[in-house]
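Here the structure comes first, spelled out in structure tokens, and everything after it is commentary.
Naming follows writing order (A, B, C, D, E and F), and every chain is counted from residue 1.
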Amino acid sequence: MFSIGQLDRIIDQALAEDANGGDLTSEATVDAGTLARAVAVARQDLVVCGGPVFARVFERVDRDVGIRLAAPEGARAKNGDELFVIEGRARALLVGERTALNFAQRLSGIATLAAAFVQAIPPGSKAVIVDTRKTTPGLRALERYAVRTGGAKNHRNDLTSAVFIKDNHIVAAGGIERAVARARAYAPHTSRIEIEVQTLDELDIALRAGADVVLLDNFDVDTLSIAVALARGRAVLEASGGVTLDKVEAIANTGVDVISVGALTHSAPAADIGLDLELLS
Amino acid sequence: MFSIGQLDRIIDQALAEDANGGDLTSEATVDAGTLARAVAVARQDLVVCGGPVFARVFERVDRDVGIRLAAPEGARAKNGDELFVIEGRARALLVGERTALNFAQRLSGIATLAAAFVQAIPPGSKAVIVDTRKTTPGLRALERYAVRTGGAKNHRNDLTSAVFIKDNHIVAAGGIERAVARARAYAPHTSRIEIEVQTLDELDIALRAGADVVLLDNFDVDTLSIAVALARGRAVLEASGGVTLDKVEAIANTGVDVISVGALTHSAPAADIGLDLELLS
Amino acid sequence: MFSIGQLDRIIDQALAEDANGGDLTSEATVDAGTLARAVAVARQDLVVCGGPVFARVFERVDRDVGIRLAAPEGARAKNGDELFVIEGRARALLVGERTALNFAQRLSGIATLAAAFVQAIPPGSKAVIVDTRKTTPGLRALERYAVRTGGAKNHRNDLTSAVFIKDNHIVAAGGIERAVARARAYAPHTSRIEIEVQTLDELDIALRAGADVVLLDNFDVDTLSIAVALARGRAVLEASGGVTLDKVEAIANTGVDVISVGALTHSAPAADIGLDLELLS
Amino acid sequence: MFSIGQLDRIIDQALAEDANGGDLTSEATVDAGTLARAVAVARQDLVVCGGPVFARVFERVDRDVGIRLAAPEGARAKNGDELFVIEGRARALLVGERTALNFAQRLSGIATLAAAFVQAIPPGSKAVIVDTRKTTPGLRALERYAVRTGGAKNHRNDLTSAVFIKDNHIVAAGGIERAVARARAYAPHTSRIEIEVQTLDELDIALRAGADVVLLDNFDVDTLSIAVALARGRAVLEASGGVTLDKVEAIANTGVDVISVGALTHSAPAADIGLDLELLS
Amino acid sequence: MFSIGQLDRIIDQALAEDANGGDLTSEATVDAGTLARAVAVARQDLVVCGGPVFARVFERVDRDVGIRLAAPEGARAKNGDELFVIEGRARALLVGERTALNFAQRLSGIATLAAAFVQAIPPGSKAVIVDTRKTTPGLRALERYAVRTGGAKNHRNDLTSAVFIKDNHIVAAGGIERAVARARAYAPHTSRIEIEVQTLDELDIALRAGADVVLLDNFDVDTLSIAVALARGRAVLEASGGVTLDKVEAIANTGVDVISVGALTHSAPAADIGLDLELLS
Amino acid sequence: MFSIGQLDRIIDQALAEDANGGDLTSEATVDAGTLARAVAVARQDLVVCGGPVFARVFERVDRDVGIRLAAPEGARAKNGDELFVIEGRARALLVGERTALNFAQRLSGIATLAAAFVQAIPPGSKAVIVDTRKTTPGLRALERYAVRTGGAKNHRNDLTSAVFIKDNHIVAAGGIERAVARARAYAPHTSRIEIEVQTLDELDIALRAGADVVLLDNFDVDTLSIAVALARGRAVLEASGGVTLDKVEAIANTGVDVISVGALTHSAPAADIGLDLELLS
């Protein structure tokens, strides 16, 4: 999933925010030799995500821990289900608790919201839900993973993964045709070219310019349907802008290929996960 | 506010996620010499937060930018208000756009939610709203700043800032009295000792043990009132657990000193902020 | 071009390899107040690349330097031409000299080699020269920039930029059709799908499977021509494998779209650039 | 050889360039549980170097790999020889493949070139081949190791390891005598003092000034011989400047002690190494 | 004690200062396969501190080492006692030797000095010895741990752990009352408020302003006694300024609660520890 | 002196230990707009060292500061002398105060101790005082600079700067002759070879083996004199082991070339420097 250095860098920084001076409370109240079992428990229905990250937090506090991921990534857990089990020194479990939960709650929150969007796609529709680059600074790789864990797909990873031409690029390039042509000449032959349009007229120009993907920005459902008819499969069509759960079905039914949802990563509420800790000695 | 190294480390990592390979689209469609003005505009009513971070993103892309923070931190902006203005090379503005907005939307989202909680405190109540350590991994300092910008206060910063004894600590220490005593003996003389209790009986023991702060975990409003009467000011009382906007007034009216709200940082929806870009040459 | 944090991280590590303990020789033999002018001079004909990196090295040694990039990036310089001029404390110039030259020689070496390959494309051919991911660990962004500076193009940036299916992926997926189908289902809608084939039969299958790009691995010139005829524009065709300068024209004449050359980055000899230093005081 | 932190820092950065977003292709086409064996195979005759680095790349992708270095460092491998064998999850092997090869090809390329230069020293000559500080930014320690693996020796490691006085230092110090004297007074008593000279007259002055090592810059073979006679062992003599393989024998026969070759690290072509991957399940 | 990432970052930087280029001497004189046992031995009476850090240094050089901490942290060792034993490759032990000793000598030096101060507290006194923030840049967490290991206590960890109002804050705030009031309003409810006073009058004001802790700056012993009488337990009293070992008893006898000693961390002489190395093969 | 990246890395880590969460006290009690002047003042006689580091700390807190280094590096300051003056926002000055002083006190402490050792060398002696590698982990470059600022010299910088053969190396190599020979064959031609001896007999062997430098370990003064007579200038002689201020003159008078003193860096007491802060607005 993630390389070790990548994951440890993120986790170590999170631990540094919380525990660089140690943990006054555990050092004061828990003997160094006390062992314990910590069980992460779902406090709501959720889609499980982040178990390996959760576990790795404790390994970065103290190598001497045992780990069992009771719920696989992507599973649907019910309120009360056991998710992850860690055994080791009680102090280490208490030091890592908050950081580990902060990761798991965020990632499961995203996966749970992504799954809800995916479920809102009506049967028979080919539309897929995708995320955006509106991710939390520092956590993009983890959050894109959570989106996939919830069953949705990813948009381009970064500014180098593909071309995505917006209105300002069009103005700067001197029109849609020139923008697409300049992009084709510049971009790697492995990259598709996506362009954002505001009107059906612009869509028409974009299609004729040879765009591979067209983002239909804030089109209403009727206009989306016209756009689909207009495009006749010549480009992948992406509906975007203010997509909420209750609108997904209608948008999907227009026949668009892709529905992008910024809220998946920028506004997913944390999933409620608690940590039950039991002393073993 | 933040030291330069601290802020740049966070921003540089965010830029690395998005722009380490450059920006295919801008390089292809915008001439290197083209200048532009980018204006961050509120797309909803919000409490402004993160202007200096937003601006610093562009300075880390290209030192040659001019910055004007039209809206001061903590100001209430209306939908449509101009917030921050950046001028410089169009390519640099386009490279930094998404990263800068990701910061500003998150921080303004937190400030806006914090302000809503603070406003829900009824006049005459001395209760204060505080955050928790349920922050985004890597962004704690920024998010705590956003909480303050919204008018709320911070809880302890990290595991070394103060003692906070929870149920597992109590079990490990052998009871509330022993836990408080061990903490008093161990912790710096500059740290208060907070303890979490589940019942009024535990509150009574905690008060007699000399705890400075008592967290009343998931107490209903009536029990909170009894707790306040019982404590008679001998300790700071903190109400916590499932605090939502509509419950704040009733909780505050019980007379507790502090109301802690995890959602301020773990579930604040991003504030909607757009970037209008105008080419200058 | 590069964000400041990205460039400074690379430069600071290079300086740390050479100068963390200071510079015995300059400290011993040059007075602290002595000023000097350093001029980077081409010692061979070359394509200029890396001026901003060269200059930034000195700024990271000592902020108090003046910089003039006499030769623009991508220019063809003759043996003896002045390229970059730095003025400042003589000690700082001597400390940064080797590190700055190490960057400039490598990047100009790559740009020069890339330009030679581009020039070998015969007039009228639409074929483009591209690099590969065979870059120096730690310097990919700089080296890809040097390739572009030399007039060639980049292949995909990293493992997330596009799909590139090789023989082992095909075996693991259970054949070309399944591999392409699985990739289409998984990859972002902004990514093209490239597949490597060893034979014309595999090319035929790949085309029918809907691959966007097909890499023809070590095809001889005659077979490349047949491949072009077979494909009839249904996919971008990339010739790869042992491409040397003397073969480029023949390969381009087959009609392939792309010719990828690993040597651009893994075996470009350093361009010879010297630093003439003149004391000013 | 290298400390763990040093090696992991270099490797993790290389992996970050390629795999921070994951690997679209392997994730799409290879099942998570598939196991494989990857064998690095020489595609040309070469001197083996970088096996431990190659292997460590895979350990940083996924701890669960088995490693066998079939060819020891410094061994002469024939085209077709198996070098290193890695077993583990197929996805991990595919993620690490390019990065691991980029290291091994570069290091083996340097070792192979260094060995060629060493072999060009005629029997009976005491001359040794050494590298320079013209190394790849970020990879100095690895490249110096490769030079040693190829049988050559290292020059000074960095600006603090020894004194090396060049023409500008001489001018700044006010002549050769003063430069050597200032260096002797300043440098640690553990450092030798090397000085670069352009003429036999300067050599004479340098010898009388007590330089420990004298670099004879671009001396032709006849002048080198005179220099050796002149020095009569009073200093170590280093021949430098434009040393190519075909000139080594003649230079060595002049009796100089050291021949330094910048090309060992700045222009060694990558050794051709392939990775054969076989699925195990 | 310390999280792995935190400790490794400090150790890796220390190793980078000494061993990034390898170790000329060991590589030259010790065969790669030679095994050895290294025993850290006290060369003076001391309080043991830093064993886990000492051991970890060798693990970061070479994973293949065996470790035995013969003396537990905080134990009193006599001159000649064996402290820590490491077995492994002789080269690895020699590479890590100086760095490991630099840590152990510093930490044991601090623990030894702290223990001396603690022992100087007369029986029956409740006064505790605490450190200050005058720690070595980069080593605060380790040095605070050494202070605790010596039996003393820590002051606040950092600028966010508690409020500590000094003279300039008082001036800026407009007097002691206002400073305390502003601090109470701003600081987390988990933080105590400490204030520094120069006179008994200021102490009186500080007590009435409700300060939790008062630092009595450079009070002589008689004035300290008056201060204790004046305070009557309303605040924790901290004596500070020029506290040397011979003054501790008299200061403690005044009845102050806390005696802070900057010298614990800024001027503790290194404890003398040697490393005896025995070759095993 | 130091490159910017090197210095900022050290300073930023120090600031992170103290101020990552901000500064409760200054934020609470000092208005954001308040300006101030901070003057570092010697509280004892000392040799000034660390002014540029002191100043840079404040620049890393807030770019908007003015700096004046009233006392040059290496100057002898009297108790009460003004050393460095910083003007800027009062909050920034208070945030940086402790960290800046921690650097300046340590570096001036080392410079002051080094100067005392240098002064103890009797007139007419050629002996020089040098430091060792017993430096504070993470601060070697700064501490070696402080040693030079105090007028002493540096020993080798790290394990790659020169060869230094100790008893274990001798045993592993099979005797002094073989150790020196192996070192000569392996080490760069720019490195001297130092060897540690315990007896005059060993010294004799070392001299005949051609060692460049011989460390005389814990020789008494009489034996040092014999050693000097024995060596007759064939090698640099370094006296080492338990060198205290009162022994320096006698040791120097034996005629040894170098006297190395570990205490310069591992046990120098901090110089007392205070910061007087005056509000400007």
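Heads up, the rule we're going with is that contacts are C-beta pairs under 8 Å (C-beta built on N, C-alpha and C of every residue); 3 or more make two chains touch, one makes a residue touch a chain.
No experiment lies behind these values; they were computed from the predicted model shown.
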| remark: Relative to chain E, the most remote chain by C-alpha centroid is chain C
| Of B-F and C-D, pair with higher C-beta contact tally | C-D
| field | Most remote chain, CA-based centroid, reference being chain F | value | A
| query | How far is the middle of chain A from the middle of chain C, if each middle is the mean of its Cα atoms, in Å? | reply | 32
| remark: In whole angstrom, the CA-centroid distance of chain C from chain F equals 43
| field | Whole-Å gap between the CA centroids of chain B and chain D | value | 50
| Where chain B touches two or more other chains, by residue | 11, 16-17, 19-22, 95, 140-141, 157-158, 160-162, 164, 186, 188, 191
| task | Report the residues of chain A in contact with chain B in the complex, numbered from low to high. | result | 10-11, 13-14, 17-31, 34, 36, 90, 94-95, 98-99, 101-103, 105-106, 109, 133-141, 158-160, 162-166, 168-173, 179, 182-183, 185-188, 191, 262-263, 266-267, 269-270, 277, 279
| message | For the complex, give me every residue of chain C touching chain B. | response | 1-6, 9, 140-141, 144-145, 157-158, 161
| note | Listed in rising order, the residues of chain F that touch chain D in the complex are 128, 130, 153-158, 160-162, 164, 186, 188-192, 194, 212-213, 236, 238, 257-258
| field | Contact set on chain B toward chain C in their complex | value | 8, 11-12, 15-16, 19-22, 59-63, 95
